[in-house]
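Going by the order they are written in, the chains are A, B, C, D, E and F; count residues from 1 in each one.
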Amino acid sequence: MSVNVGKLSAEEKEKMYSAATTEMEYRVELFNKMVGSCYEKCIDKKFKDGDLNVGENSCVDRCTSKYWQTVGIVGQMLGAADQAAMQQGR
Amino acid sequence: MDPSQLAGIPPEDERKMTAMVESMQVRDSLRMYNSLVEKCFSNCVQSFRRKDLEKDEERCVTKCCEKFLKHSARVSLRFAELNQQTMEQMGAPPS
Amino acid sequence: MSVNVGKLSAEEKEKMYSAATTEMEYRVELFNKMVGSCYEKCIDKKFKDGDLNVGENSCVDRCTSKYWQTVGIVGQMLGAADQAAMQQGR
Amino acid sequence: MDPSQLAGIPPEDERKMTAMVESMQVRDSLRMYNSLVEKCFSNCVQSFRRKDLEKDEERCVTKCCEKFLKHSARVSLRFAELNQQTMEQMGAPPS
Amino acid sequence: MSVNVGKLSAEEKEKMYSAATTEMEYRVELFNKMVGSCYEKCIDKKFKDGDLNVGENSCVDRCTSKYWQTVGIVGQMLGAADQAAMQQGR
Amino acid sequence: MDPSQLAGIPPEDERKMTAMVESMQVRDSLRMYNSLVEKCFSNCVQSFRRKDLEKDEERCVTKCCEKFLKHSARVSLRFAELNQQTMEQMGAPPS
């Protein structure tokens, strides 16, 4: 998978940087949505305390794990066509 | 922006436009991926007593995803029709 | 409405591409919001089945039609000033 | 970024900045358009027995839109005042 | 705080424009979120009338003021590390 | 995109990449700032009889913010682990 960037044309480089940017944006968004979803599912909104309690901590761990599995299932479902489009973004 | 409106577009500009459209499509489909995950997760996953998805949560995510894709495809058809009708009403020649 | 792109200056071209990008982003967002709104209004969230039933299908058709009409009304309301700004984006 | 902070800005850079600000404004007003449609549609349209908006749904969308624009204009005034106050408290000279 | 832009290198200029863009995007988003939050908190969604009534008007004024104070508190909480990152964007 | 995949990357391109990553991080942390304000405001501020935050609203915003940052840090750890595990399962050498 390693690429010798120095040998690419200006246009190929442009494409590569654009793909890398898109990929990074995708990961940042995935992370942000995971933070948001597990916050909704696990965190008590009364805010008596500034710490996560034991229940919240283990809920967050399970929530991230389940979220990740959901990413996998949805990825499979999006199937061949979209897979191809995503490959480009990778 | 209808490509047919562009007369005499030089090849290097056309390439630039195509690249722009392509990168927008990739970005949009990745965004759709993320929001579909979020939607189906929020609708289907309610319990956090284990770290793996329950069988019925998994089934729910699958159905949710299937249904969303069908819904999205139907809206896409309607969207194209509505665009078309609006262009015709505005007196533009149908393309 | 047809434009001879070959005769435009570099700056004019830059402007045109930027306007085309903005316009495309607007349409993609409009479509995505329509998908989201009609999903909320029409789709049963129990997910027993992976197909849309008859009721959901006709709800989606009417929902998109009503959404489009709403776009028209709001567009008129945004009036002259914003209309001008939008014209630029077109 | 206050433009008055920029001394000796060359004309071609100023043009670039102005173009950037303008394109951001166009993009932002189109985004506002889309989100206003979404908001008023979600608040006003509840029935899907016909394909055309009912008279009262139409009226609701109109009022919703009117009200939002007035709300947004009021927030805009307050936002400017708050920015101004904060700048003054920070000891910056009022511009 | 004044900068003589004419004396900057191309790279420094690029950085400055990018920072200015990020800063402007931040302010626009802050404004939009304030509009949205105070809309949810203050505006009656029955839409009998197209005008804000007295109660709504004063609610909006107080809401924007409280929102601004919240921006201040959260900003302090994000603390030294993020403050640094934000400084860059300013 | 793992930087180690890039062999022979010229210095000017590396600088460009680094600048891109940095500007994305700044933008993302500012976005996080905005959404944290929105979240804690919406959860903690309910009354609008005065123009200043009540003492308990202020305390709530502080706790809300503290808690969100701890939550976000924990998710960040798990996210890194899950990424790592997935890469190993796909047979890629752990980096």
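As a working rule, a contact is a pair of C-beta atoms (placed from the backbone, for glycine too) under 8 Å apart; a residue touches a chain by one contact, two chains touch by 3 or more.
Molecules present, by chain and UniProt name: A, B, C, D, E, F = Mitochondrial import inner membrane translocase subunit.
Note that the structure is predicted; figures quoted are calculated from it, not measured.
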Intersection of contact partners for subunit B and subunit E: none
Chain centre separation (subunit A, subunit C; CA means) in Å: 26
Between subunit C and subunit B, distance of the C-alpha-averaged centres to the nearest whole Å: 12
Interchain centroid distance [CA atoms averaged], subunit A/subunit D, Å: 30
Residues within subunit E bordering two or more other chains: 19, 25, 42, 61, 65
Numbers and ranges of subunit B residues touching at least 2 other chains: 44, 62, 66
Circular arrangement of chains, read from subunit D onward through subunit E: D, E, F, A, B, C
Touching residues (chain side subunit B, partner subunit C) in the complex: 1, 4-10, 13, 16-17, 20-21, 24, 28, 32, 39, 43-44, 60, 62-64, 66-68, 70-72, 74-76, 78-79, 82, 86
In the complex with subunit B, residue positions of subunit C that touch it: 1-7, 13, 17, 19-21, 23-25, 28, 31-32, 34-35, 38-39, 42-43, 45, 47-52, 56-57, 60-61, 64-65, 68
Touch list for subunit C against partner subunit D, complex: 15, 18-19, 22, 25-26, 29-30, 33, 36-37, 40-42, 58-59, 61-63, 65-67, 69-71, 73-75, 77-78, 82, 85-86, 88-89
Touching residues (chain side subunit F, partner subunit E) in the complex: 19, 22-23, 25-27, 29-31, 33-38, 40-42, 44-46, 48-53, 57-58, 61-62, 65-66, 69
